[in-house]
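There are two complexes below, and they share chain A, which is joined by chain B in the first and by chain C in the second.
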Partner chain A sequence: MTFYRNLTIRQKQIAWAWAFLAVPVLFYGIIRFYPTGNAILISFQDWNLLGDRTWSGLENYRKLVADPVFWKVFKNTFLYLILGTPISLVLSFIIAYQLDKVRFMHSTLRMLYFLPFMTSAVAMAWVWRWFYQPVPTGLFNNLLAQLGIPQIAFLNSTTNALPSVLAPAVWAGLGFQIIIFMAGLRAIPVSYYEAARIDGVGWWTQLTQITIPLLRPTIVFIVVFSSIGFLRIFDHVYNMTTNNPGGPLNATKPLVLMIYGTAFNDFDMGYAAAQTVVLFVILLIVSLLQLRLLRSE
Partner chain B sequence: MTAAPDLPDQARPTSDALFRASPSRRPRNMGQTIRWLLLFAGGIAMVMPIAYMISTSLKWPHEVYNVNLIPEEPMIENYTYVLEDGRFYLWFWNSLFIATITTVANLFFDSLVGYTLCKFRFPGRKLVFIAILSTLMIPTEMLVIPWYLMSQSFGWLDSYWGIMFPGLMTAFGTFLMKQFFESVPDDFIEAARIDGLNELQIWWTVAMPLVKPALAALAIFVFLGNWTAFLWPLIVTNSTDMYTLPVGLSSFGDEADVAWELIMTGAAISTIPTLIVFLIFQRFIIRGVVMAGLKG
Partner chain C sequence: MIKSLRMTVLAGLASSAAVFATASNAVEIEYWQYFFDARVTAMEQLIENFEAANPDITVKMTTFPYADYRTKVAAAIPAGEGPDVVQLFYGWLTDYIDAELIQPLPEAEFPAADIDASFFPMVQAMKVDGQYYALPTAVRSLALFYNERLFEEAGIDGPPATLDELVEDAKKLTKKDGAGNITQVGLTTGMTAQDHHWFREVLIRQFGGEPYKDNYRTVNYNTEAGLKALQYYADLEKTHEVTSSGFMDEPQAAFKAGRAGMHIDGSFRIGSLADIRGLKWGVAELPVGPDGTASNYSSYWVNAITTKSEGEARDAAVKFMQYVTSDEAMQVWLEVVGELPAKPSVGMTDENANDPLFGPFIRGLENAHTTIFANESAQRQVLVDMVARTDIQGMPLEESLAQAAEDEQKILDEYYAD
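Our next item is the complex of A and B:
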């Protein structure tokens, strides 16, 4: 205690700061940084969890490039991204833009759109999986049957399965994006629109010349946020295809599901770690693009 | 409000009134009605999956494949059946326990670190900040293999601690709290220091009460995130007793010959609690989500 009393005010501050940070710094070191390095290290090794860890250099990466399943998975992952991101962006913008102009029962409407965001992905994946079943089980095909429209094979078709798995993911994320867009729309000063109206500018020009340019930071945020989400899609795919993970014929398998299977079904830890490094690099590129886009303002 | 109380609406010199009195009033109202109806229809469509989940969980087996939303004879036997089985009780408790502890840990550590990085000047501050911020770039999926190996060697597999340890602190929460502590005036902290409070007391009794809205927003995000977390609990748990609700529901649904109405009941059990919390604190939660989304 006498030691503490002899410190200057500034030294006391430093002592307090590091006392506060001691446990968190250890945590980030052991639970975040060390595993990151470890994952990269394992990706250069051959290891099946039971035997010896042997150095294999770039072998895992070579295997990855030569693996047709990986390229199929790579394509699927980007399909989730290039279908999911624009669809959810456009839908959420249109809904937010219209919702912003409505006063009557505004908060009730907003609640309806936001509710799916509060659900658990696993639970809703099972609900949608039931919707997609063939007759007499599934809701969608029962509705189609009532309307006299031919049945659709949702999850059993190699072409329809991926969009079918994507739909609940888009649905669940829409509410969040709408809320963020509405906050962005509210932040645009009303005087801009008033000036435009006085000048006799139509709504389309207002939309493209005022609203969208001023919403750019919001749009960039939503695009990156949802892109990262779709690139990491797992819960929906896993639960909608438990009988044949990523199927049919790997038609729905995303990168994270391949990582899970390689690591925890095949126990090929080195190969799985190499796949996680690829995921890391893809996500890093997307995040850096975001910083680039935000900075160039 | 009080500027021109005796003027009728149209005469009030605001630009708003100016345009309300424009001749295009009628078609615009027509448009408003159509817009409202379309938005309402869309909103109903959005909640349909949730409505069908709950409706099916209240149906008798013979009625499940009927597309009616309202069950002819609603019943709760599905719930008693699923709960009597005992596993859902256990999974519910596991999820609640894990999500609560993780939330408390995040509120404590994220705000402590955020506060320290915001209000203290010390060598290494920038380095610590950048190091923590850079972990935002590292995806969980990359860490699960090393975490699994770590859990295996320390005997953390299949335990509460094993499920919880990766999420006890988050860079997102730390960054969010740091942003909000910026709004706490340095004078308050200085005054408390002169009053003889130590730094821990200042943080806890002076600064923390001033960022309650941010703490609430963080709590919502962390709790919901852990309540619905799937990948890591799936990897780290082995025994049925240790499953969380999502992992349990996933394995329950995958069992052979489980009827859809029972799966819907399980799904409803894991969804309804968060929906109820949302319906009670709706405004508050939406504000919190915007706050966290934009500042974080």
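Our next item is the complex of A and C:
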């Protein structure tokens, strides 16, 4: 106690600051950084969860590069990103832009768009999975059959399956992005639009010269946020394809699902950790790139 | 967490009370299994019987959710904690031996020759270098479930006995709408369910092949017999149009909904079908092949003594193992869990072998095979992909079969390499 009494005020403040900071620091250290470091370590080892860990050097990474499934999965992961991010960005902007002008039932409409975001991804994926079934259970195919149109193999197809899985994932994330966009739109000062209208400028010029440039920080946030989400997509794919995870023929398998399978079905922890490190690097690069590209000027 | 803490405290109190009561000669052994309601109830009953017969031994059972089971076992035993007797899936045996988690059963109490003679033959998969490491209380096998109401409606008087009859009956049971979409399948199919076992251990053998060689280390189905088996399987959907893989999402769902005439599944399905109202169903042995070959697939969970168990505890564990593999225990397991006895002396009694529900499964055990998987889910995936390539991408059967054999061999080679 005397030790504490002898400290200067400045030192006491630092001591208190650290006392409060200790909780998050410990949390991050133990829950985040320690396992991350451990995962990187395991990626250079061979371990089946039961026996001892043995060093295998770069073997796991060599196996990764030579694995055709990994490259297929790599491509899928970027397809989810390349399709998902722009589609959800454009859709959520259009909806937010229009919703911002609507006065009638504004809050109800906003809630309806936000609802899917609050719904459990697992429940949603299963409902969509049943929508996509062939006759006689699937909603979509039953409708098609009644109209006399041949059935569409939504999930049992190497070409249709990925977009079919992506659609509910986009829908689910839309509500959140709309709310963020609307907040961004509200933050633009009305005086700019008034000035534009006095000058007789049309809506298109207003949109491209005022709204979009001033929304830049919002767009950066949404792009980074949704990109990370699509790169880590798992729940929707796993639940819509549980019988044949990531199938058919790996057509829908994203990296996270491959990691999960390698770790908890094959018990090949080293290989799974190597895949995790690759995912980590991809996420890092994509995020940094987007921040740089969208923040320039 | 709180519950398990409370359990530990209670167990601690109870065991310390027991120590005071029966002086110091009591031994406590621990038994671990994954949590499945019926299995826990059955084991509680077995422990009660065992403790009554051996008053100086107490058995403490701990259960874990299936998802955590392997990790918990792996962490506890090397640390000298955890179970004396542990339950594991037969397919994990090699992993558990390699990781030195289990010890061989003592030859004095479990003579290998006696076990060979008294258990159904597929249990020999648990023998490594002449020593048994683990034994099952109960086993599972496949059989054909059929919807009696749909059979009656289609004018079929009994379940099919041969593969050809299976196709003929399935044709009568299939229904289509005006556009040609199947609305009721004659037979459910799906490699993701039990069909990969049916294909591997039943169809290939029935067409004259042998799916693996070298004790399941070499794939041997890229042969004429393998191709015939795949042709038969693929024809069900493509030529005879009596099925559609993925119909109603899952084969068992279609059968439960009364939209499937026949369905191949394991004995573990009996329980969940029994509760479906309005579904009248029966069970028959799997149809025999063109030359009359009967075959079946069997899987099972086994119990083993861990390496952590020593001295008095090990002696008690041996006694407990003897009890849980006894005829009496198997009968209890059949009645409580609905899993089949692992010994003909229990299974083939008149009452059990002629039971309308369990009988076909039990009779199937006589010619059942147990695939020794290196990685069951990966090996299943190989067959799932084999059918998907022919179905979705139109790859010729020969080519897809050859690729499947190659892919599966790679999995086996990698596993047995170290």
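Going forward, the second predicted complex is superposed on the first by the 280 of 297 C-alpha atoms of A that agree within 3 Å, B and C clash if a C-alpha of one lies under 4 Å from a C-alpha of the other, contacts with A are read in each partner's own complex, and residues count from 1 in each chain.
The working rule: a contact is a pair of C-beta atoms (placed from the backbone, for glycine too) under 8 Å apart; a residue touches a chain by one contact, two chains touch by 3 or more.
Here the structure is a predicted model, which is why all the values come from computation and not from measurement.
A.B. asks: In the overlay, answer first, second, both or neither for which of chain B and chain C A:157 touches.
C.D. replies: Second partner only, chain C.
A.B. asks: Once the shared chain is lined up, is A:238 touching chain B (first), chain C (second), both, or neither of them?
C.D. replies: first
A.B. asks: With the two structures laid over each other on chain A, which partner does A:92 touch: chain B (first), chain C (second), both, or neither?
C.D. replies: A:92: touches no partner chain.
A.B. asks: With both complexes superposed on chain A, which partner does A:252 reach: first (chain B), second (chain C), both or neither?
C.D. replies: Neither partner.
A.B. asks: Give one of first, second, both or neither to describe whether A:114 is in contact with chain B, with chain C, with both, or with none.
C.D. replies: First partner only, chain B.
A.B. asks: Given the touch rule stated above, what does A:77 touch, chain B (first), chain C (second), both, or neither?
C.D. replies: So A:77 meets neither chain B nor chain C here.
A.B. asks: Check whether A:130 is in contact with chain B, with chain C, with both or with neither, and answer first, second, both or neither.
C.D. replies: both
A.B. asks: More residues of chain A are touched by which partner: chain B or chain C?
C.D. replies: Here the partner covering more residues of chain A is B.
A.B. asks: On chain A, which stretch or stretches are contacted by chain B in one complex as well as by chain C in the other?
C.D. replies: Shared contact residues on chain A (touching chain B in one complex, chain C in the other): 129-130, 133, 136-137, 243, 264.
A.B. asks: Inside the complex, what are the residues of chain A that reach chain C?
C.D. replies: 48-51, 129-130, 133-137, 145, 148, 150-151, 153, 155-158, 243-244, 247-249, 261, 264-267
A.B. asks: Considering only the defined contacts, which chain B positions touch chain A in the complex?
C.D. replies: Against chain A, the touching part of chain B is residues 15, 19, 32, 35-36, 38-40, 42-44, 46-47, 49-50, 52-53, 56, 65, 67, 109, 112-113, 115-116, 120-125, 128, 131-132, 135, 137-139, 141-150, 165-166, 168-169, 174, 199-200, 203, 224, 227-228, 230-231, 235, 245-247, 249-250, 253-254, 260, 263-264, 266-268, 270-271, 274-275, 277-279, 282-283, 286, 289-290, 293-294.
A.B. asks: Please name which positions on chain C make contact with chain A in the complex.
C.D. replies: 67, 70-71, 73-74, 95-96, 98-99, 101, 177, 179, 181-183, 190, 192-193, 244-250, 259, 375, 377-378, 381, 384-385, 388-389, 391-393
A.B. asks: What part of chain A is in contact with chain B in the complex they form?
C.D. replies: 13-14, 16-18, 20-21, 23-25, 27-28, 31-36, 38-39, 42, 95, 98-99, 101-102, 104-105, 107-124, 126-131, 133, 136-137, 139, 142-143, 146, 168, 171, 174-176, 179-180, 183, 194, 197, 221, 225, 232, 234-235, 238-239, 242-243, 256, 259-260, 263-264, 269, 272-273, 276-277, 279-280, 283-284, 287
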